[in-house]
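Below is one structure, written out as structure tokens; comments come after it.
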Amino acid sequence: MAATKQLLDYNVDEAVDLFVLLKSADVRTAKNGKQYIALVFEDQSGEISGKYWDASPDDIENYVAGRVVHLQGKRENYQTHPQIKIFHLRLTHPGEPNDPNSFIEQAPMSRAAMEEYITQTVFEITQPTWNRLVRKLLQEYADKFYTYPAAKSNHHAFQGGLAYHTISILKLAHSVVKQYPDLNAPLLFAGAILHDLGKTIELSGPKSTVYTLAGNLIGHIVLIDGELVRACDALKLDPQAEDVLLLRHMILSHHGLLEYGSPVRPALREADVLHQLDELDASIMMLDTVVEHTAPGEFSERVFAMDGRRFYRPTTTTPQPPTTD
Amino acid sequence: MAATKQLLDYNVDEAVDLFVLLKSADVRTAKNGKQYIALVFEDQSGEISGKYWDASPDDIENYVAGRVVHLQGKRENYQTHPQIKIFHLRLTHPGEPNDPNSFIEQAPMSRAAMEEYITQTVFEITQPTWNRLVRKLLQEYADKFYTYPAAKSNHHAFQGGLAYHTISILKLAHSVVKQYPDLNAPLLFAGAILHDLGKTIELSGPKSTVYTLAGNLIGHIVLIDGELVRACDALKLDPQAEDVLLLRHMILSHHGLLEYGSPVRPALREADVLHQLDELDASIMMLDTVVEHTAPGEFSERVFAMDGRRFYRPTTTTPQPPTTD
Amino acid sequence: MAATKQLLDYNVDEAVDLFVLLKSADVRTAKNGKQYIALVFEDQSGEISGKYWDASPDDIENYVAGRVVHLQGKRENYQTHPQIKIFHLRLTHPGEPNDPNSFIEQAPMSRAAMEEYITQTVFEITQPTWNRLVRKLLQEYADKFYTYPAAKSNHHAFQGGLAYHTISILKLAHSVVKQYPDLNAPLLFAGAILHDLGKTIELSGPKSTVYTLAGNLIGHIVLIDGELVRACDALKLDPQAEDVLLLRHMILSHHGLLEYGSPVRPALREADVLHQLDELDASIMMLDTVVEHTAPGEFSERVFAMDGRRFYRPTTTTPQPPTTD
Amino acid sequence: MAATKQLLDYNVDEAVDLFVLLKSADVRTAKNGKQYIALVFEDQSGEISGKYWDASPDDIENYVAGRVVHLQGKRENYQTHPQIKIFHLRLTHPGEPNDPNSFIEQAPMSRAAMEEYITQTVFEITQPTWNRLVRKLLQEYADKFYTYPAAKSNHHAFQGGLAYHTISILKLAHSVVKQYPDLNAPLLFAGAILHDLGKTIELSGPKSTVYTLAGNLIGHIVLIDGELVRACDALKLDPQAEDVLLLRHMILSHHGLLEYGSPVRPALREADVLHQLDELDASIMMLDTVVEHTAPGEFSERVFAMDGRRFYRPTTTTPQPPTTD
Amino acid sequence: MAATKQLLDYNVDEAVDLFVLLKSADVRTAKNGKQYIALVFEDQSGEISGKYWDASPDDIENYVAGRVVHLQGKRENYQTHPQIKIFHLRLTHPGEPNDPNSFIEQAPMSRAAMEEYITQTVFEITQPTWNRLVRKLLQEYADKFYTYPAAKSNHHAFQGGLAYHTISILKLAHSVVKQYPDLNAPLLFAGAILHDLGKTIELSGPKSTVYTLAGNLIGHIVLIDGELVRACDALKLDPQAEDVLLLRHMILSHHGLLEYGSPVRPALREADVLHQLDELDASIMMLDTVVEHTAPGEFSERVFAMDGRRFYRPTTTTPQPPTTD
Amino acid sequence: MAATKQLLDYNVDEAVDLFVLLKSADVRTAKNGKQYIALVFEDQSGEISGKYWDASPDDIENYVAGRVVHLQGKRENYQTHPQIKIFHLRLTHPGEPNDPNSFIEQAPMSRAAMEEYITQTVFEITQPTWNRLVRKLLQEYADKFYTYPAAKSNHHAFQGGLAYHTISILKLAHSVVKQYPDLNAPLLFAGAILHDLGKTIELSGPKSTVYTLAGNLIGHIVLIDGELVRACDALKLDPQAEDVLLLRHMILSHHGLLEYGSPVRPALREADVLHQLDELDASIMMLDTVVEHTAPGEFSERVFAMDGRRFYRPTTTTPQPPTTD
């Protein structure tokens, strides 16, 4: 029985034997008319798909999303996509691992550490209106903010991903304001904290994440703008005062281009910087995963969220540089 | 002295002699180093520009935006743009026309008639949430709604243009729902009434219209969404209930494409129809003006808001068709 | 035996049992090397596809396009596309429904009513040249005009769809000229009647519609322009006189953009309006079908002819508004 | 007095003294309020513009398009555009050159030679339908075909330019069919001869060329298609027979892209080749002129018809290569 | 046993029986869980694919890329793509054809003839710098230049295709410089010879061609520029002298547009011509193959490298025109 | 006499009185036919333009680029562009400031400090090939690297701007590799140092910067690739070894998109990061200048290098946040 090895640690053609969570399970009809289950397996290392052929009615009832199962099979590639060829699948026995939560991918930073970092940054938002609005909205959405993913897929699609992505941007933002002191740090920090908070309304939650109706019809950018306007009412602030408009603009313009869903393009230095830092963090996170799944000397699959480019993992190794600051 | 003839009634090379309003007056420096005033004249027939050369300090003080003046000159074309060559300009004497308001272009429908039409249509919004939200927002913005233009320039850029444009769309919408009865008429009507209401925040007012800071940083589409969310709070409605989301989506998507500033594309039949009727009315209004300013047998100047196309005014005349319904 | 229930009335997972027409039947080879028939079933409610696995040579001979068959199976979704899982298929027995024509989707208006409407509108084309050209071309293509679909697929892809789509545009056009009286109604009506008449040459006919060689190499827009030029010769009209050019331009520009196959962009108000009304009717017809096939509270599949957008069918219901005009 | 030196032979800052034709003469108002005449001078070497300041009413009457004048001045550059600074201008005296036709730029091949080449090529169109259609249309438009320019400006904008451009393409086509013998030479030749013949309807004539109404509303591509359909009627050919469709397609698709005004994209090898040869000849002709007007070691002005690119004229000289075939 | 008939000579549904080379052989898993081999067969007439179902471990070991096999089956179409349905496959017996090289598609010109043509053209490069650089690089890469294909797929994807494509362009270039004598022939010839030489570094070789790492990370355009700079060093030429820059620019700009991978757009007449001739030859070669694989009266499959267009093969036949020059 | 106040310190309408450098001086002809000099004044605070009307031959001889002059005038805006209205201009007298170099805008970091920073970073390039190549190229181009601007205009268009821009990117890069330790720091640093080094060949120098012929025909990206290949030869490295290819790819792809002149898109994580940091630094630098030239509460002019956007300078002020790291 496999123990410490995890789902994404297996190489192509290696035999797989471990407990995993069924992240999703869709029943479909094969070309030959029989039913099969398209499964996505998950543990803390990530996720991978597999097909369960010739599914019986019992199988269909047993193997549903959210169940922990014991999986035996082989790691393969199907048209360059990694998958598990399933040899044997069964429900867990009493005494075996059974808690779905222990199989879910988590942000690489504890919730406590993330809360600490955010709280610390809020202190640096020295402009009172922005400070009050950020506190008010964080308070209202705290629980979702620290547990939701940042996206359905692609980058930061794990529990706590939304807060983790926000913190990564804040770290970059701290470096940037140190290097370019003319930038308005409190505005940049406040904008960064709120920029994706609307995802707590756009997405359904940390597990089996889908778009809500509000997400589909309004989108997270305008949703959080609406909540910010409500917060103004609650705090007796004028939503059209300059300082509020600046913060709303930071959020509304952070996708950079109208085509990407921002109703306005950045018209403040800090808004332009926020947009760029958002892209920088998202792309590095995505490419880390992509490169990790690629063998040295090979090109990755096409990365759709990066214009379908393929990325190369070099074989050249380098000694770590001496640390500098 | 000219009396009933108005600014846009003069042909090229015709002598001009009438009272007009100075819509704008910008002092600039000519290539020869002297100052001149770039004027825009306006009366109820529309507007036309002219340059006042070699302006003295007194001239600069006298000829400012908002003043009524007596103008003598000649109607010319400067690089295909109509303009007035100014022979003589003076302030008005006592007893001469002097009220700026009587020189401002007006919607071709009285405010009372427009209010009547809107009120009538609100009765047809039989879905209670939409009815309450429309009433609430109309009440709040009534005065601006019936006096603001629909745009700084291009189409419906006259006093009352915003309500008039809204009513034109509502009239088209009535025809459309009669022809396609599956459409949700109350949703279409509610969306039509609110779709451009944010322009009361985006624009500065009916005269010397410019964009406000809120208009530049947020835009009328998101501004009215914010007001709608506030109205929900006031009416104790959930801004994320389906019926509210439908109405918000109508407004948010009415520009049709992300590139045109809608943060979401139409995802409801009625939203798509609203977008198309908006374009239909705006383009007909624009082309009416364009064709009116073009001589029969000629092509107009390029119309920038219509992709720079030029439009032909035919010489072919047609008997009016017998009226049908 | 099913009787009044029709093909598109079944819900997912419901057992299907009815007579249908085989609209198309393509023999293909499955992944397992055996032959199957990809069928499209049709009745007056619309069409839906299904796969007949392990087809014998007899099956291949029997189940060909144009045959009426008795179908038993189940309504399913295959990757969000509706389809019928076939349990049993057989040819009809004597005495059972057998006439393909009674299974073909029809325009929701009788041919007589459509002819009546068109004839009435022709009276309103009071400009003599346009009136003569419209009469001449309608006379020549009448039979095809009243039976052809407006397209191979997407909108108005049913028998009589071409005339029905034309009439829908004419109805909208009547509303529009009433609202904007400066528009040249006879030109708009003449252009609307002829705008898609070239489809009688571009398409092969009302059943199993495909593109003709002329359709592929020339396209319906230029084909009808050629026929209009010939009609001029027959009527001793100069094809380059202004009134003829205006009508030709209406037809040539009605796709609005060069990218959509119009060799010129609209340069007449009426041409621009015709283009917009054409789009309005086509999109409403398409979305009616799309929404009808979507469950309340769900988003439709992607609609390719509408930029791949998905449309939402609300659960919110509304009382019908009181009728107004 | 200058004699053999022509308009485009002068270098920057060189004194100019010669007889030229006034190609166009537009009266305009200067910033200082005085009138001036914007002139374009022309002789067989090409054209160049100049401004005649402080024009008196007499000047305006004398210096009109179509007059031959005596010009003294200096060759200058105004914002990188060549122009003549005018020192002195006068009408011609009796006995001086006076015939406008001797100042018009001509194709570098006599009309007789061009007719000879075309006639010869028609013999090679061995497919009878294409041969008859080409003969019929050439016969009808011969006089215009051999005298019109190929465009208002840019390439081949000189008398006889249309036929000359056609012949250049035919020469390239002869080389190509020799190298790629699978191509259908008669189809390529017939398409090449007719491809731009519609310009005889689109343009107003060889002098002071403007677009006709038919040119603006229909365009040369569809205009010649209409004439070809009429020719079919006259010759009792079916305009929808395959061989006629192929020829129509050659013409309709020769702009290559819908965006460039072709209602269909090339769907025949020969149509694709015709499009490419058309572009090749047009661009070489344009660049020859551009490079000729650029000093060695310099970049040209931006060439708008070539995406605004600038072209470099090298200083490197090369011995002529030995002739080969 | 089939003898002279080749792979692409078979019609749909015809029985196939011949020796072929396995160009590629990929083992995959079918929907039913069994393994199959996706094969590409090749002989001098071209290539075609086929699937070998239910492959045993022995089959997988035997049927690998590079082997000559005996194939029995049937020519079919699978979703409009030609393929072979395999009835029987076996390795060759002693005495049967066995040499892979005799099954590889070859350029339709011998290597000797190609070398002769290139050598002859080099004599015409009368500018000494260009002549020396061309000689130097040809010398270095001669063997690859005469054996590599011009691309992995699409046009000239056969042994010797690179040199053959180069020569086709040179032939067109000879015609063009004769017709437009102002063009710099030596520059055009030198640029043509070198323009794709970088493909000898970008591609892996004449068989089972894939992109090298240098091809993927740098691309053939910049790779050959680097080699040209090295050649300058070796020949003691300044890589930034004007004559060298001209030649480098010819190569760098030959894709015409930045979007197609040229780091600069053509800024020399000869560079623009080279780009156009490159496209002309590539497209004719591609379309020759496409049309050859299409039945008369039919449209081809979509050609991806030609914007997904489909091409029509006419049934109209034409007598060969009398030869002219 | 003004002393410590500099060119960009003056507000609109303020009297100007100081010594400045003539950065450029172009003689042009005014609309009234007289000559004037279009001047650009420069000192260490930046640059601003002005027109010297009615220039005499003496003026034209005296006021040439590179001269220090004494300027009296007024700071104005001409169509939103800042300019100086010149009242009086004269050459300097003996004893007055006269050294052009003391009037040139400089990087805000001394050359020594920049050299120190670069040297330090080179130590961190622990991969030997990259280290040797960076040293070799820096050595060759050191003097130009530390004095050239990073561009003709827009961002870092001052003396030393190239090195300063490089160092800004390196500083960002240090933060990024600390935050994302999987990135290959030596590769990122080596790529950053070399990415714009080709500008030392593309541009003419630190003063009156123009593009060289090599810059126009080849571009800085490919120019430095060529130099890197030569450096490989000198160091006996294979330019197609993986480690060299990685570094070449960093440089070649740093514009991110083919449309922006990169012949390949980033295919390494580090290449993508370099591209993003390059954009981040360039845009912040540009916007710093833009915002500095805009009054609080106003929008800037359109910034062409930022898609023509206008940027807002808020009036909201914020207390500096407490320093954190």
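Each chain carries a letter (A, B, C, D, E and F) given by its place in the written order, and its residues are counted from 1.
Keep this in mind: contacts are C-beta pairs under 8 Å (C-beta built on N, C-alpha and C of every residue); 3 or more make two chains touch, one makes a residue touch a chain.
Only a predicted model underlies this, so the values are computations on that prediction, with no experimental measurement involved.
J.: Specify the chain most distant from chain A by Cα centroid.
T.: For chain A, the chain whose C-alpha mean is farthest off is D.
J.: If I superpose chain B onto chain E using their CA atoms, what angle of rotation comes out, to the nearest 5 degrees?
T.: 180
J.: A-F versus B-D: which interface comes out with more C-beta contact pairs?
T.: By the number of C-beta pairs in contact, the winner is A-F.
J.: When the contact pairs of D-F are compared by residue number, which of A-E, A-B or D-E has over half in common?
T.: A-E
J.: Can you give the whole-Å distance between the Cα centres of chain C and chain E?
T.: Here the centre of chain E sits 44 Å away from the centre of chain C.
J.: So which stretches of chain C touch two or more other chains?
T.: Where chain C meets two or more other chains at a single residue, that happens at 31-32, 213, 216-217, 242, 246, 267, 299, 312.
J.: Chain pairs that touch, all of them, please.
T.: A-B, A-C, A-E, A-F, B-C, B-D, B-F, C-D, C-E, D-E, D-F, E-F
J.: So in the complex, the part of chain B that touches chain D is made up of which residues?
T.: Within the complex, chain B contacts chain D at residues 30-32, 53, 76, 78, 85, 299, 312.
J.: Would you pull the chain D residues touching chain B in the complex into a rising list?
T.: Per the stated touch rule, the residues are 29, 31-33, 213, 216-217.
J.: In the complex formed with chain B, which residues of chain A make contact?
T.: 201, 213-214, 216-219, 221-223, 225-227, 229-230, 233, 239-240, 242, 245-246, 248-249, 252, 258-264, 267
J.: Spell out the residues on chain A that touch chain F in their complex, using ranges where they run on.
T.: Touching chain F from chain A are residues 120, 123-127, 168, 171-172, 174-176, 178-180, 182-187, 189, 242-243, 246, 265-269, 272-273, 276-277, 279-280, 283-284, 287-288, 291, 299, 306-307, 309-312, 314-316, 318-322, 324-325.
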